[in-house]
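Let me begin by handing over the structure; questions about it come next.
Residue numbering begins at 1 within each chain, and the chains themselves are lettered A, B and C in the order written.
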Amino acid sequence: MDKKNKRRKHSQLKEFWRRFRKNRTAILGLVILAVIVCIAVFADLIVPYARCIEQVGADRLQPPNPSHWFGTDELGRDLFSRVVHGARYSLFVGVVTSLIALAIGAVLGASAAYFGGMVDNVIMRIIDVFMCVPPILLSLAVVSALGTSLRNLIIAITISCIPGNTRLIRSVVLTVAEQDYVEAARSYGTTNRRIIFRYVLPNAMGPIIVNTTMMISDMILSAAGLSFIGMGIQPPAPEWGALLSNAQTYIFTAPYLLFFPGIFIILTSLSFNLVGDGLTDALDPKLKD
Amino acid sequence: MIPVLLGVSFLVFTILSLTPGDPGSIILGITAKPEDIARLNAEFGYDRPFFVRFFTYIGNIVFHLDLGTSYATRQPVINSIMARFPNTLLLAAMAMAVECLLGVSMGIISAVRQYSVLDRVMVVVALVFASIPGFWLGLMLITVFSIRLKLLPVFGADTLRHFILPTLTVSLTSAAGLLRLTRASMLETVRQEYIRTAQAKGAGERVVIWKHALRNALIPVITSMGTGFGASLGGAIIAETVFSMPGMGTLMTNAIRQKDVPTVMGATLFLAVMFSVVVLIVDILYAFIDPRIKAKYRNEGRGRG
Amino acid sequence: MKKTAFLTGTILALCLTTGVFASDRTDINIAIDSDIESLHPSDWNTTNEKNIGDQIYDTLMYVPMDGNMDKVEPRIASGYTQSEDGLVYTFTIRSDVTFHDGTPLTAEDCAFSVQLYIDSEYQGTSADVGSVEAPDASTLVVTLNAPFAPFLSDICAMHIGSKAYHDAASEEDFMTKPIGSGPYKFVSHAIDTNVILEAYDGYYRGEPAIKNVNYYVIKTTAPQALMSNQVDFAEIDASALPMLQAMPDIVVSPVPTSGYSHLVMNLEKAPFDDVRVRQAINYAINRENIVNVIYEGEAEVNSNICAKTRYGYSDDQLQYTYDPDKARELLAEAGVEEGTDLGSILCAEKYSNLATVLQADLAAVGLNAQIDVKEFNAFIGQLTSGDFSLCALEMTLEGDTQMLEYALTTPFIGMANNARYSDETMDRLFEEARVEPDNEKRLALFDEILNKAQNEAVYAVICNPQILYAYHKDLTVTDFVLEGNYYLFDYAWN
C-alpha cells in the first residue's frame, strides 16, 4: 500500500514537472529566483557584511564604477554590497511572513470550514472585522504600537494578510470536504484531526501552494512599502525598501540609488509571481491537454 | 454588520491605546509645561481609563451620531472625513474602472488566444507590473510625466488631471490579478458542457465567446470586485502619500502617527461602512447577472460567508 | 468605453494648457509640508502655522530673531519706553491700524492678545508678568513682577488679534477664520489642500506687490513641485539640494538657524556621568563629515549649543574638533575599554541617517552602539522620560539665548533638558541672566554659562543646520535673518 502510494506520488510529481517545464516564463522565474536565493545565501562570500556598513564620506554619491558596481549612497556606502546583503532581509521577510500567515490561516480556515456552525461563525466574523481595515493601515498601526524592528515588521505584515489567507483556505477546504473520499473516511469513524491533516489539507494543497507563492511576492512589496515610509527595520541594516526610502530625493542626481534596489525588488517579486503562475497551470488538472 | 463595526472599533481602539505617547505631549512638544500637557489631555478626556473612553466613544456615535472631535484639529472628525473621502472614492473608482478595463479585456484576449505569444506577453507584462512597488511606480511616473515632460501635476486633487497619475499607479499594479482571474475563469467556462454544445451546434467562435462564455466567466470576476475595491483603497493610500493628495489614506496615516484616536476611529469606521456597502452592491449585481444565485438564496435561506 | 474616451480627452486638454508664466505675476504659490490646524493668534504650534500667521497678523514691533537691536522697527506700536527698574514696558499704539473687518485696532486689542499668549498652552513667555493694561486707546502698559531681560523680543513675537472678533465669533471660527491687521487677509482653508490669502487693501503700510498667496500642502514632493513650476517658494530638505541645484530657474537660499543637531548623552547613566567620556565622544565626532553627508554642506559646524550668530556666543568658548586619538586617550583615562557597549542611539526616523554616521564615528574610537529608530511619539516619550543612553536629534530653542535654560537647567529635566544635566551653579547663572538688565554683564553671564557647558561637554553638539528656502529666480525676496521668518509684504516678481 505504502509503496504504491509513493510510486503514484512520484509519477504525479513527474507529470507536474513535465507540465511546469513547458512553461518557459515559469522556468525563467525559477532561474531568477534561484539566482537571488544564491545571492542571499552566499552574500558573505560575495562581499563581506562590513563592506556594506563602511562609510567613506569622501566617496559619497558616486555613480556606478569599477570599484563600486552600483555606485555609492549618500553616506558613502557601497550600494552593491548593500543590495547583495539586502536580499537576505527581503527574502527572509517575504518567506517567513507568508509561512506564518499560511500556518495561522490554515488552522483557522480549515477549522472554520471543517467544523462549520458556531466555530465557522466566530472565526469568520473575526476575520470580517480584520478585513474591514485596509491591510496597510493595520500594519501601520501595529508598527506604531510595537515599535520599529525586524520582528515587529514581520508581525505587522503577517497580521494584515492572515484574513485573506483564512478565507481562501476555508473555501478551498470547503470544496475538498464535500468530496466523496472525505465522506467515506468520516463514515469509517476517522478522527477529525486525522481527516483534516490526512485527507483534506493534502488535497487542498494545489491552490494553497500557488497562493502562498504569490503571497510571498506581495509580502516583499508590503515590507518594502513599510520600510519606504520609515517603518521597516533598524539602520544600518540594508533592507531594499529602506535603501529606496532615502533615495527618492536623489532621483535626478543619483538615479541609480532608486534604480538598483528597485530592480531587485521587482525581479524577486516577479520571480515568485512567474513561478506561481506556472504552478497554477501545472497544478490545474483540468488544464491537461 | 453592527457586530463587525463594533469589532472594528474595538480592534482599532485597542491597537491605538497600545501606541506610546499621549495626545497632549504629542501636540505640545517637549518644551511644553507638564501642567499644560495634563490640561490638554484632560480636555480630550484622555486621562480616563480605557474602557470609559471606549464606551463614551461608542455611546456618542450611537446616541448622538457623533464621530467625535479630532485631537489635532479640535474640529469634528466628520468634517475632515467629508473633506477627503470624495477624493479617495474618486481615485478608487477610477482605478477600479481602469483596472477592469485593462484586466478584463486583456484576460479575455489571453484566454481566447491561450498559449499564443500574445497571451504569454500579456500575462508576463501584467505580472511585471504586479511586481512593482506602488510607491516606486508613482515616483517614476512623476519623474517622466511631471518633471521631464511637465504634462501632469505632482500633487493635489483639484481637477481630474491630478487624478491621472495616481489612478495609473493604483490600477497598473493591480490589473494583473484581474487579468489572471478573467483568463482562468474564461478558460474554465470554455470547457463547460454548454459551451461545447454551443460549439457543436455550429455557433461561430465570436458568438460563443461573447454570448455564452463571457457572461458566465464574469461572475467570479464581479465577486472579486468587492474585495478588489478594498485593495484599491489600500493602493489609493500609497498613491495619496506619493502624490500628496488629500484623502482618507493620508488622513489616517497622519492620524495614526499623531495618536489622534478619534480621527483614526472615525475614518476606519467610515471606510468599514463603505466597504460593506460595496460588498452589498456587488452581491446584488451578482444576483442580477446570474439568475441561478437567486434560486440558491431562496433555497438556502441565508448564504454562507 | 466611454471612460477611455473621456480619459484621452483629458490628457489632450491638459497638454494644451501647461505652464502659463508671465513676469507681471502678482500671485505666489508656496509649499508647506503639513496642513495647518490653527491660525489662532497665540494657540499655534508649527512653523507653518507661525509663518502663515506672520502674514495675517501684525506685531507690536519687529525684532529680528538674531537679537540685533539696531534693526528693531516699529509696527503697530510706534515706540516703547522701559522704566528704570526694567519692570514696566509702555508701548504707544498707532491710531491708523485697522483689522481686516475694517474695525480700528486699539491698545485694548493689544492687551487682550498679550494676555492670550500668557494664558496659552501652546505659546507664552518665561517672564513673570504682573499685569497687562490699556489705560487709553493708544497706550499699552505691561508690568513684570521680576525683570526679564529678553521680554521685548518675547512680546514682539506675539500676533495681535481682535478682541471684538474673539467676543463675537465662536472659538472655532476665531481659530480657523482669523482676522488680523497684517498685510494679508485670510480667504479660505481646504483641509490638507491649501490655504489662500489675499492682500488687505487697508493695510497701514500700503498694499503689498504680491496680491494672492496660495499655500499648498505638499508632504514629500515639494522639490518636484518646484521643478514642475507648480510652486514658487518652498522650504526644502538638504537632501533635495543636489536635485534643485541642477535646475537653472530655481534659487536656493540657506538661512542660519539657532537649531542644533546633536548627540545627547544621558548623564544619569554610566559611563556618561564621567566628563572625560563626554569629552571623548565630542572629540570622536567628525562634524565636517556629518555636515557634508547629512546636510549637503548646508550647516555650520559648531560644537557649542549656542549658534554663532546668537547673542552670547564667542569664538573664545571651547570648540571640540575631530580628534579620534585624543578621544581614545580620554577614554583610556576614564577606564572605558575598547569595545565597550554604550547601548542604543535612540532616534526618530528623520534622524536615522545622522545616527548611522554617529554610530560609525563611535565605532572608530572603540565604542559600540546600536541604533534604535522609534516612531516619533514613542521617541519623544522615551527621550523625556530618560529611558535611553544616547539620542541623536535636532533641537530648536528659538528666541533669546535665555531659552537655553530649557536644555541646561534642573527644572527642565523631563522636558527639554534631555541630557538630564543638573548643576546648581548653572541654575544660578541662568537665574542671574534672566533678570540682568545690563547688556555687558548679561553677555559676561552667558559667556560663563557657555564656557561651563562646553568644558563639561554637557551635550555633543554637531552643527547648526540651515533652513533652505528654494524659490523661483524671478521672485525678489528680502534677506533672510536667523530662523528664517519671512514677510511676503516685502516680496515681488521681477
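The rule is short, and it goes like this: contacts are C-beta pairs under 8 Å (C-beta built on N, C-alpha and C of every residue); 3 or more make two chains touch, one makes a residue touch a chain.
In this text the structure is predicted, and so the values were computed from the model without any measurement.
S.K.: Point out which chain occupies the most central position, where each centre is the mean of Cα atoms.
M.R.: Central chain: B.
S.K.: So which chain is farthest from chain A, going by the mean of the CA atoms in each chain?
M.R.: The chain lying farthest from chain A is C.
S.K.: How many angstrom lie between the CA centroids of chain A and chain C, rounded to a whole number?
M.R.: So the centre of chain A lies 45 Å away from the centre of chain C.
S.K.: Take the average of all CA coordinates in chain B, do the same for chain C, and state the distance between these two points in whole angstrom.
M.R.: 39
S.K.: I'd like to verify one number: the distance from the centre of chain A to the centre of chain B, where each centre is the average of its C-alpha atoms, in whole angstrom.
M.R.: Centres of chain A and chain B (C-alpha means) sit 22 Å apart.
S.K.: On chain A, where are the residues touching two or more other chains?
M.R.: 144, 147, 248, 251-252
S.K.: What are the residue numbers in chain B that touch two or more other chains?
M.R.: If we look for residues of chain B contacting two or more partner chains, we find 19-20, 147, 241, 257.
S.K.: For chain C, what residues touch not just one other chain but two or more?
M.R.: Residues 220, 375, 377-378.
S.K.: Residues of chain A touching chain B in their complex?
M.R.: 24-25, 120, 124-126, 128-137, 140-142, 144-147, 164, 167, 170-171, 217, 221, 224-225, 228-229, 241, 244, 248, 251-252, 258, 262, 265-267, 269-270, 273-274, 277, 280, 286-287
S.K.: Where on chain B is chain A touching in the complex?
M.R.: That would be residues 3-5, 7-8, 11-12, 15-16, 18-20, 120, 123-124, 127-128, 130-136, 139, 143, 147, 176, 180, 184, 187-188, 191, 227, 230, 233-234, 237-238, 241, 249, 252-253, 256-257, 264, 268, 271-272, 275-276, 304-305 of chain B.
S.K.: Show me the residue ranges of chain C that touch chain A in the complex, using the header's touch definition.
M.R.: Listed in rising order, the residues are 220, 223, 237, 239-240, 242-243, 246, 286, 289, 292-293, 349, 352-353, 355-357, 359-360, 370-375, 377-378.
S.K.: Within the complex, which stretch of chain A touches chain C?
M.R.: It is residues 53-55, 57, 60-61, 74-76, 143-144, 147-148, 230-231, 234-236, 246, 248-254 of chain A that touch chain C.
S.K.: Residues of chain C touching chain B in their complex?
M.R.: 3-4, 7, 10-11, 14-15, 18-19, 34, 37-38, 45, 121-122, 172, 175-176, 190-193, 216-221, 224-225, 227-230, 375-378, 380-384, 397, 406, 414-416, 418
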